[in-house]
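The next block holds one structure in the form of structure tokens; read it before the comments.
Chain naming follows the written order as A, B, C, D and E, and within any one chain the residues start at number 1.
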Amino acid sequence: MPLDNVVFWVFAPLSVATAIGMIVVRNAVHAALFLVVNFFTIAVMYLLLDAPFLFAVQIVVYAGAIMVLFLFVIMLLGVDRGDAPGERLFGQRATAAILAVAIVAEMATAIRAGIGFATRAPEGFDEANQGGNPAALADVLFRDYFFPFEVTSILLIVAAVAAMVLALRRSKAITQQEIEAHAGDDLEAYAMTPPGGPETMRERAR
Amino acid sequence: MIDPPRVELWAILPVLVLFGGALVALLGAAVTRRGEPAPFALFTLAVLAATAATALWLWNRDPVTALEGMVSVDRLAVVATLALCGIGAFGAYLGYHYFERDASRRNEFYALLLFALGGMALLVAAADLIIVFLAIEVLSLSLYVLTALTFRRGPTEAAMKYFLLGAFASAFLLYGVAISYGAAATTSIQGLARALAGTTGDQALAIAGALLLLVGLGFKVSLVPFHMWTPDVYQGAPSPVTAFMSAATKVAVFVALVRVLHVAFVGLQWDLAPAVATVSAVSMVVGSVLAIAQRDVKRLLAYSSIAQAGYVLSAFVSPDRDGIAAALFYLISYAAAVIGAFGVTMLISGGIDEQTGFERFRGLGRRRPGLATLLTVFLLSLAGIPPTAGFVAKVFVLGAAGSAGYWSLVLIGALASVLGAFYYLRVVALMAMREPEGEDVADPSAVPRLVLAVPAVAVVVLGIVPGVIVPLLREAGVLTW
Amino acid sequence: MRTPIAYFLLLSAILFALGSASVLLRRNALRIFMGVELQLNAVNLSLVAFSRLHLELDGQVLAFFSMVVAAAEVVVGLAIIVAVFRRTGTTDVDRADVLRG
Amino acid sequence: MDLPWLTLVIVAPLVGVPVLAAWRTISDEAARWVGFGATLVAFVVSLGMLLDFETGEAGFQLVSKHPWVESAGLSWFLGVDGFSVWLVMVTTFMFPIAVAASWRIDHQVRRYMAVALFLETVILGAFLSLDLLLFFLFFEALLFPMYYIVGVWGSKRRIYAATKFLLYTMFGSAFLLVGILWLYIESGKQLGAATFDLTALEQLQLPTGAGRWLFLAFFIGFAVKVPVWPLHTWLPDAHTEAPTKGSVVLAAILLKTGPYGMLRFNLDLFPEASRFFADAIMLLAVVGIVYGAIVAMMQSDIKRLIAYSSVSHMGLIVLGIFAFSAESMDGAVMQMVNHGLSTGMLFLVFGMLYERTHTREIADLGGIVQVTPWLAGAYVVAMLSSIGLPGLNNFVGEFLVLLGTFSVDRVLASIAILGVILSAIYMLWSYQRTFQGPAKERWGRLPDLSWREGAIVAPIVVVMLWIGLHPAPILERLRPTSEQVSERVRTVQVGEAVEPLTEASGAEGAEP
Amino acid sequence: MIDLIGLAIAIPLLAAGVNMLAGVRLGRYAGWFATAAMVASFAVVLGALLDLLSMPAAERSHVVAAAEWIRAGAATVSIDLRVDPLSITMAMVVTGVGSLIHLYAIGYMEHDPRPGRFFGYMNLFCAFMLALVLANDFLLLYLGWEGVGLCSYLLIGFWSDRPEAARAAKKAFITTRVGDVMLLLGLFVVWTHFGSFDFDTVLGGEGTLPEIATGTATAISLLMLGGAVGKSAQLPLHVWLPDAMAGPTPVSALIHAATMVTAGVYLVVRTHVLFEISEVALTVVAVVGLAGALYAGFASLGQYDMKRALAYSTMSQLGFMFLAAGLGYYAIAMSLLVAHAFYKALLFLTSGNVMHGLHDEIDVRRLGGLRRDMPLTAALFAGGALALSGLPPFSGFFTKDTILELASHDGDVYAYVLGSLGALVSAWYVARLFFTAFIGDRRYEGRAHEASPVMQAPLVVLAIGALFAGLVLAATPEGRLATFLEPVLGPIVEGHAGPSTGVLVAISVVVTLLGIGIAWRLYRPSQVERWVSFPEREPGMAGVLGHAFYLDDLYAWIVSAVGLRGAAALEWFDRTVVDGVVNGVGRLAVWAAGLAPIWQSGKVRRYALSFLAGGVALLVFAVVRV
């Protein structure tokens, strides 16, 4: 049994398992950690698929940056404990399960029709990877895809602006005041009232 | 070493202008916190004017695919860009009028608006699925923030819903890109077209990719059943934002859909059309039916916009230029009407603390005949009652559907428009045929009314002489291969 | 390499499905968002697999872009969630149903 | 002189609109005069049109055709023939009267007049346009003003009535739209360029199946407007809740767009299908005649009663159209005009009474004759006209329809003629209960007809007598057209398929 | 003069217009004005008659073209007036008797607030009646036919504040309308067969019969008979006539005795050609007439209201006319028509005098002995009664009994016997009226004042006519009138069966006297208590006669029980079912819309669910190829 098969059959189940774990565990932090593991497994898959550069990026960006950010926010908001007790949505789980299975089945049939389950990747990927994967990648990226690359910069700017606008909004004082104002609110009461109902009273009172 | 790529920046001049303007506005906002909003508004209008000018300049150039096949500059893109500029201008003015009276100035609004517009302008020119994806992300992120911009409970909740579902949707969109790539070994729209044209045999994978793209884009234009966010977000978001996104997003994304369905996957027309027709029919019916129960005008308009999306989509079953022209005409008339409708609603709802329940509109005809008349015109157009643009638009799209032989779709559309008339005219009746009650919080100033009279006039003129733009739209309907 | 490409694609499909499942099942906004991240990764896997299949690097580039997009989304998303939390003191999406009907 | 009469006729009423729109501070009285003046202008212009109308010509006259949306094959295509000319005349004739009758409207007069003028323009457009989409545009456009008039100036349940009217008729025209689009697409396939031009569409060769489906689509669209039993229930509500003018316009003119559409489009475009469905439709019509009359008998509300009488009368018109004999078609068109006059006048006079008593309940009224003999007299004239007394207008139409039908189908004609008896019953009965009998003291001092009201009623009476005693001028302009149409329809054999088209179009034809 | 016959119609029409519009101005001169108009019209007709007489008998049929009325498709209807012996006779009656009644009405209506309208209607009636009789085609005839119906409606309901008057008017119009519709259908058949309404075409010119199948002829003539039955108040459409007496008495005299009700007879006589082509129809006419004569005669015996009694008598007399026509003696029918016009008008007007003198008291039980207070009236009534009862040498004898005589000569035993019975009853009821009302001692308070001369004068003229018209016009079966009418109606063929004329005359006189005798026996002054209390003693009998064999009540029951119930049911059906469906659809839509909150629950996860479901559903299009 060739090595890549072994690796695949070791990490694929692990990946699925961690994904499931991410779903089922109550504690948000644990879920995040499961996700980190899952990302590792995916990174391994990249390795199998001769994408070493992405393997690295995956580990750095996802497992590193993004998930840390997640954990940080979870800690910050202190919402690590599982979902607060509340009414369940009727039939949500069953339907979700069915739909998940269904979409897998559909994609499976589509893939089968498209490329067939047995098809193996053709050899000769190295031509594409001349000068090593990163270099080749850079080649493609900065020639064919230079414009999308520019667009991503815009995208990141927008993201930054968004974060700025959303995070440091008005002066802290008002924020505090608002939090206090809303601390005691019965949220169900909101549920009954249209947007800016009692809300607006308060605004005017201010 | 790398041979340098061809960089025809002129091709994306409008986009560049918009993004540039956005950055300037952003710096301005950062520098002058709580500065006077007026300069920002004027600046935004100027930028939009410049954009429009560059777009017009592009009109007469031969359609090309530039930047290594990433954007294609054709008349479709130009027309769409012009429409977006118009919508953006009204959005900017409404926002100015809206935030003017707010204690904490939100001048980021203009920057974000321009970013969103930039994303849209890019989207309508996209010639590669990756650009489609990125552009949609740009405009989405901007819209998420715009939605939350007043940080009241409604807007923030709306923003969160919009974001979560939006991210969910973009995952599908990306999956669609991936599958298409898998099926055709390229993400270039024209490349896809060529690849799929050649191949024979089971196209299941390609179709799956196309459908996933349809799902992702369908979410943005709120087609049933991917519409669920629409009522909440439209109602929750500040009215000017709602007005802007309900009009602009639909224009941009539908144009992208034109490229995806009528260029990239035109080879699969016969497989995709039934799916498109189904979604269109369901959207028309569900949107219209659910709107009937609404007691809040913003929400009602949100549902109506769902139905409207269905109508636009019904033109997509026919791939010829007339179908595209019909869709464009519908989009333009819809944009004019809906931005006007939300604008009037904003004026009536009394500022930041929006109160858009029916009770606000009772007997408006007596209190504010001007506003009532404006809103009536817009609603009539949305309902598709002559002599407004909405009527002609409906005839065009249904005609397009008919020319493709989807007569059942035509009939459903025609019947759904009856339901439409029901709830739109209910608001009219509310304003004209009932006695006013409660105190009057409607905006007294006259300027916004004059501004909103412009789309009203446009709607009527397009309804009486649609000929003024139809030829242009048919020009735009000619797609580059 | 012997493992059929389809296996990777199937794995990616499964992960995509699991991701969406977690969106449907969890009530904590953050964990819903995690589900979305999982979906994006699944898609990346497909992209890379396809790029391997087609013997070209475009797929990997696309995956790279999608990572960037994911990062951007995370920034905005977390900011929004925090804003909501500041407003309502919860990240439970089921509590956020003022807007409905 | 050859002016673009038809365009002028259509535009004429609009002359008042800018005035009303621009001059915001206009006094109510002035606004009324502006509205009245504009309608008068329209009437005068239409007289000009009538003068230029060639007697003895069967086809379309005074045609004016200008491309409108070229790429969409849409054109401003107007024309008038023996059918439409009289409907135009009755429209322009009744409108000034209707406007004058609504002199008592006292809120939002400016808006009211503007809407009224717009309504007249749209109705005239519907009668004159020979471009299907143009027609449909007008056909749809007249819904909203009517909706508005009923809903804003109507009585208690006005919004319900207005909405019902609007939705019901829109429901009908939804099918009509599908039919029109089908023809449009088909013309694209057969004639090269897709067009809405009626004269061009007549050239289409439709497979039998398609023709029948299309016929039904068109028929439903018009049947709701007529209304053909059992699609009539919007009518009583709308009539009852509408203000007097609304009822008058609705009864006198709006309903006519339905039978006119059948006459102009169903018969012209789908002769074979017309033949095929004729029996069924005639049956419906006869049912409507008897049914409407009987239900009218039982109404406790005068306006409802008149409304149901309309159902009965309109049934007669449809009967005449689908009997396909030249006489019956003449009769049908005559009847459109006459029903407009007589029912219009009934609503008018009753409206005057209503302005005095503010009740529509038969039970509340009684003994009016002694108090206001002239008003009662006017009502009697309208009533007699409506029950088809010879010497008054309605008789001519009824007689011709029944005569023409009798020569085609004796049984149906013999049943339909029951309407003549029943109409006498419900009309006289209601008259006895409302106007005759001992005078109630609460109506003790109702004022009799004022000069203004007299002046409103008089012209109608004159015209009624004129048509009743000397209909020749109308008939001789009518005859060529009706003969032509009936000829065209009669020559077609049922089931005789025009040479079939491509399979595809046939299949599509079976779809709408 | 004959070419100006149109004036005979135009003048009253014009006068009617003036009277109706400006009657208020004219005030009490309205009556004189109207009467003048009638006299003028009479003069015109008279002139026409003289012209006609000056012509040779053969071409005594003159058509005056007036105008074209309706032309549609192939249908052309022109307004031509026909002057021939038949129409001129009718016209004479209408204008002559009409003028007298107008004159009378001046006095009778002197206290009415709105004489203008009254006389307007009267003139209008005469105009229509003349149009009816002078018409040269069926459509103009129909115009007049409906017109007189209208005027009768207006005049019966003239005192519309009296509910019974209003009801009677409506009843009259609707009942006759039933007949009119049959006539209309008849016209349609005529049209489909002849393609014309012209008398010359339909009825054939001199001697030439129209070529038409017996069946069609039967259809046409029966339908026309239906019309005639309606107008002439014959079985089974007679129910309106007695109620019609609610109108002013001159109206009863003019419309419901002298002229309009005879239109039916005129129609039958005018179209006798068609009737003859199908014998069936003719027989039916005879049967209807005979039945009507007997039925009405007995019904008249049961009436205490003088005018109702006279109404039934009118009906029975009309019955005799139909009998005559049915037996083929059209001329005799016409002469009876003329005579009847005189004496029945006379009788009505005299009873009008009574009402006038006793402020509308008309119940014979509260009359009696009137001859003391109003001798002239009594005398006139007696004259009318004699004329009607048919004692020689008065007109009734020369007309009614001639019919019987001819019948017996033709060997129609049934017709003869039953007819004689009818004659007996006629004598009986008219004598009854005289005895109960005028003989004996007063049963009313106060004194009845004799009518004014303006009312008496016309009566005298009428009385003369009533008594001697027969003698002048129809002394023998081939009397003047018959010969005058011969060109139109053909000669009278007399059979020779049965007993000789002398015997028959004797019998008829005996029969008449017998009738009068019975009347005297029952109603002579000493018997007052007996006949007044008759209903108490014989409720059954009195009920049957008084209610005219309950036919009217039967109709009423059918109308209310079947008609109105059914209509109410249909109205319910319309409201709940037909309209219910419509509103149901609306409610359905609203209900469906009400489900929105269940779906749009505001829960993101639900939204995602629906989203995913949509995606899955859509992907089906990829895996399952359509």
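FYI, a residue touches a chain if its C-beta (ideal position, glycine included) is under 8 Å from a C-beta of that chain, and two chains touch if they have at least 3 such contacts.
No experiment lies behind these values; they were computed from the predicted model shown.
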Chain-touch separation of chain C and chain D, in steps, is 2
Centre-most chain by CA centroid is D
Per contact tally, chains sharing the most pairs are A-C
When centres are defined as mean Cα positions, the distance from chain B to chain C in whole Å is 26
Taking each chain's centre as the mean of its CA atoms, chain D sits from chain E at a distance in Å of 38
Cα centroid separation, chain A vs chain D, in Å, comes to 66
Chain centres from averaged Cα atoms put chain B and chain D apart, in whole Å, by 42
Among all residues of chain A, those touching at least two other chains are 89, 92, 95-96, 99, 103, 106-107, 109-111, 113, 115, 144-145, 148, 152, 155, 158-159, 162, 166, 169, 182, 190-191, 194-195
In chain B, the residues touching two or more other chains are 130, 134, 137, 141, 144-145, 148, 151, 153-154, 160-161, 164, 168, 179, 182, 204, 207-208, 231-232, 235-236, 293-294, 422
Going by residue number, chain E touches two or more other chains at 596, 600-606, 608-609, 612-613, 615, 619, 622-623
Those chain pairs meeting the touch criterion are A-B, A-C, A-E, B-C, B-D, B-E, C-E, D-E
In their shared complex, chain E is touched by residues of chain A numbered 89, 92, 95-96, 99, 102-103, 106-107, 109-110, 113, 191
Listed in rising order, the residues of chain C that touch chain A in the complex are 1-11, 13-22, 24-28, 30-31, 33-35, 37-38, 41, 44-45, 48-49, 51-53, 55-58, 60-61, 63-65, 67-76, 78-83, 85-92, 94-95, 97-100
In the complex, the residues of chain D that touch chain B are 68-72, 108, 133, 137-138, 140-141, 143-144, 147-148, 151-152, 158-159, 162-163, 166-167, 170-171, 174-175, 177-178, 181-182, 184-185, 188, 504, 508, 511-512
Counting only contacts in the complex, chain B reaches chain C at residues 130, 133-134, 137, 141, 144-145, 148, 151, 153-154, 156-161, 163-164, 167-168, 170-171, 174-175, 177-179, 181-182, 185-187, 231-233, 235-236, 293-294, 299
Within the complex, chain D is touched by chain B residues 325, 365, 380, 385-387, 391, 395-396, 398-399, 402-403, 405, 407-408, 410-411, 414-415, 417-418, 421-422, 425-426, 429, 432-434, 465-467, 470-471, 474
